[in-house]
């Protein structure tokens, strides 16, 4: 057996550590869940490069259940727009259980799309000519997130529909308050069918990674949703995804997540990866015991928390050189490297302004070792450089082609030599 | 007048854009707030380098009010520990107003430390011999966050104490439930005094930046709290900081934040900066109208959302070279650059394993352009390299001193030349 | 036109006084109610003797709506028994509106049978082989209360069923909690049909009078329910009948009552009469404006409040005579009159014991003017008289046949003369 | 030992039956209650004639606690008037525990005066110049209800005040909402002192009897409150007196009642008697276990339920005689007996109108056996008789002096002979 890659090895270690935990109980409200193999346990992780790592039963099939909620929310976002959707379904955590009533007193607007009431309403808002088409669109959406054609576990669907009294109640409450305007029975049926879509931990990891990547499925390469919709979906998962455990979850794990009653769980680390876990034993809040443990273990082991400070960085400005250009003119070469976010941009600005204050008449910003320029940094550099130009300072940039900062001001050159030549020429 | 730096210019532009908004009303429950100048408006931003940028009335004094809550929470975290504190004060958003009762039915445990009930209990948990000492510790803590000796507005304090019926009620409710174990009147008094600490938008920005930096005040350089406490504090702000607007706030702004009834507001961008705003007119939820607008404007303008994907990056592995070392041995040189998080580590691993699979007998990982190695990446590289060594592959690393990845395996060399020499020597 | 009888004249006066009140609004949720003639106004009163008095539109037909609730509750009481019914449907006022959710958190047991949730569950508990039979039993029950064959307004029923989202929601909530065990759709349908039964103010007055009479329809003479069930039904009406106005209603009116959304209202004065009112304009709580005014007016005008003290009474013992019977024996004749409840019995006991203490060897209790002996008084007299007999005192009673007190001890004689003769004979 | 009177014997029997019940637990929140003798058990009953019957520890002293609430409510009714008091303290049962928050969301108006919040506010409304005077008035009021000078158990008072956190919380909540306008600490202190008044079961029975009698202390003969205030107080006890057991209590017992945490309980049967019970073991709702059992036992044994139908009555019209008066004139003698309420009045009316229809030109209503005429019956007879007089019929009444019906129309004569003579004279 070949040595596993480090990521797979890490997943396996987490799985081995968490596997002994056998507390919790299967969901029992339908026979298909009550009859699940309680020992199944799979973990999958999908990177922004589209690598799929698995440990344990990463290919075991189960129904997606509530993990479908964020993805259908993303679909509705695209269909009705962010503002209109917010007017119909709130985004406030309610501190309540998944099946809480959680409706605004008069309007009947559900608190958020991660509790059942909000999920039902969200499903009803997917734009379609009829319920059959609506479900086809939902299934197509979930399939696009997963990167393969998903199917419905019809047996689970029928059982769900038979035991959907609570969801029917929520839907009828919303209908009576006027917040749910679609056909109640059709909405409940579509929602039950959406919950019965069959997935694996691997599928869930790809779906989560698609959110983490800002909406592009990293395996298929397909853009499934707009970046702004991915941000909104992850935000709602962060505050509401784990029901009345959401606050503590963010405290302990610090990643947007969503769980389902069949034992599925997703977590997403924005711009990093998506995780999918499957283990059917649930805690008293309805979250998969091992899934929660996997996420906590990984977060603690790898410092994945959203609020985590990633530690010190090497100097962004790794070199500053003054080049005399004759006739009192001096070219300042500022060489930067790495990931340029706010703090790095600030340092580049500081170094540049110091050089100009010291008499530089041209600035050569050498960014060829820079790997990424964040939007805020681009705006800051733009202001800096256009100001210099207005003040009569010549400005040249050396950038790596692929990650060229979107900065309007300044001459863009391919190498430091070309840039220096350009600067010299400016003096003429 | 000298040209303002790009950050100050940006703040000014945001201020100019938001200043026309004059809706909202002053708090009226005490004369000092009712008599505030409604037109005051200041913004400050503090970077991780400790630069303080200001626009408008960034030095106008006002009382900190509820913005004190996260900082005293951080102090209590240090005093009683995270688990014990969570047992005493929850972390779940309640979807309720700042003065909601929000206590667990039997235990009287408040929902979270950002509503008044939880803040009162948090204050009572600061470890001290007596109430006077407790307040001294709180004031010292707030001062350390601000980087200067803050003082109490005694007039506001006395007015607050006289109109503290609601807070007294909450405190007595908790006392009767057994969740508040300290002296009720002393706790209310300490809390009112803490709310009456006088600050400026500049102070608030430094305080927020201290949380964003993982606990080190970027202006004074003093470590005010442990990184884990900063992470927890930011997490609670993210889910609970804006009361019943917290969910929508995270959706729209995507940064941990906290507001106060005198018109103050903080927001923190982890590892980037802290913001402080002051404008006394409040919306119906008690949040400063312009403060909210500033945060929304900046978030939208600069893509600051926590869930935002920062866009593509340049290749982390910018060079791969095979060096024949004689006797069938081949040294693979893998040169990486930039910020090495999960995805970058994954690419380094891929490149390395490809070289080994292709026959390399030594691996030279040149990280001298790498600006930061995240913890998860360190763990991945460690597994990769120790595996290679076990398999008989020689491993050398070239690192920049300051950000040397904490990787156990492999020989650490200062330059690529030294490393190549070491690799050649291994073959002997 | 002949002079109206005093009761009809009184009703007419109340009607004239209340008629000018035209505030309030029609129910609008179904066209049949929205299209009602808002000016219709009828009052009816039915005495324990079965006289039906009417004023205004006493014969106008409307749907019974929620006024059906107490009667179906009475039917369920008979079917499942008081204890079992209480276990399934509570009896606590909830201080909430008619359509409040009002379910116990875990069990899903509704608060009381007067809110919709409790009424739905109560309907489901009527023992029947199938829904059709269940409705037949309910209709037969309502008809027995009214003393005529009532019918369903099928058009209203169909409209109700179409707009029954809120009731469906309540029923599904109960089904999901396990408190409602019957078929949900059939229960909602049966309940809607029961609400659509067509009645007049006169019908309602007879129905209320049947409750007031302890369960015997005073017009038809038929016993419709057990006395204990009538007492329970009136009790629940007293605390829960007027929703979140129940407490103030008991304060102001002091009679058990129930209103319906079509404008009907019943009130019952136990052992006195039943009232039915019809006027379709509703206040914001859904109670008929004029119906409430009629009940308040009548209660204030006629001192009908349950807690009202009816004022002083003439001496119950109107005569006490000592008859010498020779040989030291003396017969004490105690003559009582009127309604003998606790206080009257106490006075009879006092008088009797005084005579025995004074040397009487026989007691002749002349009750021929007594019009009623309450149960508690019977028990007190029984103890008194059996004690006397044990002590060797001869005891004779003279009673009116129809209201003979159920007292075990003592010789029962038809006239005072016969009783005196019997007493004399005892001495022999 | 002399034979006990039947009422005392009955109380003893109830006491013997209930005494074996030793479940429940003492209140423990203050040492004085925790240290009470759990086996103490006393029952007292006071009739409208002022007889005081006792069984068991009827003279054991304990603190009145919440049983003070209805009496202070009655005092406040007199001080601020019924409408104003209702505007300040609601009358709706809340279905909640004694210490529930139960305040209307915006106004802070407490739900009813029987929960602590409402009782505190009620206490604050007793009109007085200062808190000391307020308590003196309350103590004087309680003493007047009891018919003796009550005193405060100062030790209990001090303990109550020390553990009054919950009540302080409620008071401060109301102060912050503006519903409690008095000094908070003084109100809490006055309320704690009122709860610490020392009473016996005998005292409580007299106090309850004073409410039952319409406001006149039946022992002292003093009028303590207006009849309308007694009616209101009993009404509020009926719907709210037993907290979240109020509805079931009215179902099972059917009498207005109030319990206290020291083990006291009162129940009142309007116009019949008051009961006081003392037994310190409490059920989980805080009601004395044996006190509840005594009330249930007595209600079941003696048919005391307010809604109980007292059974059939003898004919109210026991004789109807036609007396020819010459010249075609005929005097109808209608002889009635017993308690004349609505139904009896109706029968008198029927008989009278039948005689007039049959040609009677004079009506002689012989009421000398009538023991009471209810207000509604007076109004009915007034209408009847004034109508007859308008129609030219002569009308004479024979009444017993003490209970003379307040009927305006008709000649009042002392005996039937005098009345007959008067009727004959009318024909002249």
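We just call them A, B, C and D in the order they show up, numbering each chain from 1.
To be clear about the criterion, contacts are C-beta pairs under 8 Å (C-beta built on N, C-alpha and C of every residue); 3 or more make two chains touch, one makes a residue touch a chain.
This structure is a prediction, so every number in the text was calculated from the model and none was measured.
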In the contact graph of chains, the distance from subunit B to subunit C in steps is 2
Whole-Å gap separating subunit C and subunit D, where each centre is the average of the chain's CA atoms: 20
For the pair subunit A and subunit D, the C-alpha centroid-to-centroid distance in angstrom is 68
For subunit B paired with subunit D, centre-to-centre distance based on mean C-alpha positions, whole Å: 65
Multi-partner residues of subunit C (at least 2 other chains): none
Can you identify all of the chain pairs that touch? A-B, A-C, B-D, C-D
Subunit B residues within the subunit D interface of the complex: 101, 165-166, 168-173, 175-176, 184
Residue positions on subunit B within touch of subunit A in the complex are 3, 5-7, 9-10, 47-49, 51, 86, 90-95, 111-112, 212-214, 227, 230-232, 234-236, 238-240, 244-248, 250-251, 254, 256, 269-273, 301-316, 337-339, 341-343, 346-347, 349, 353, 369-372, 374-376, 379-384, 387, 391, 400, 402-403
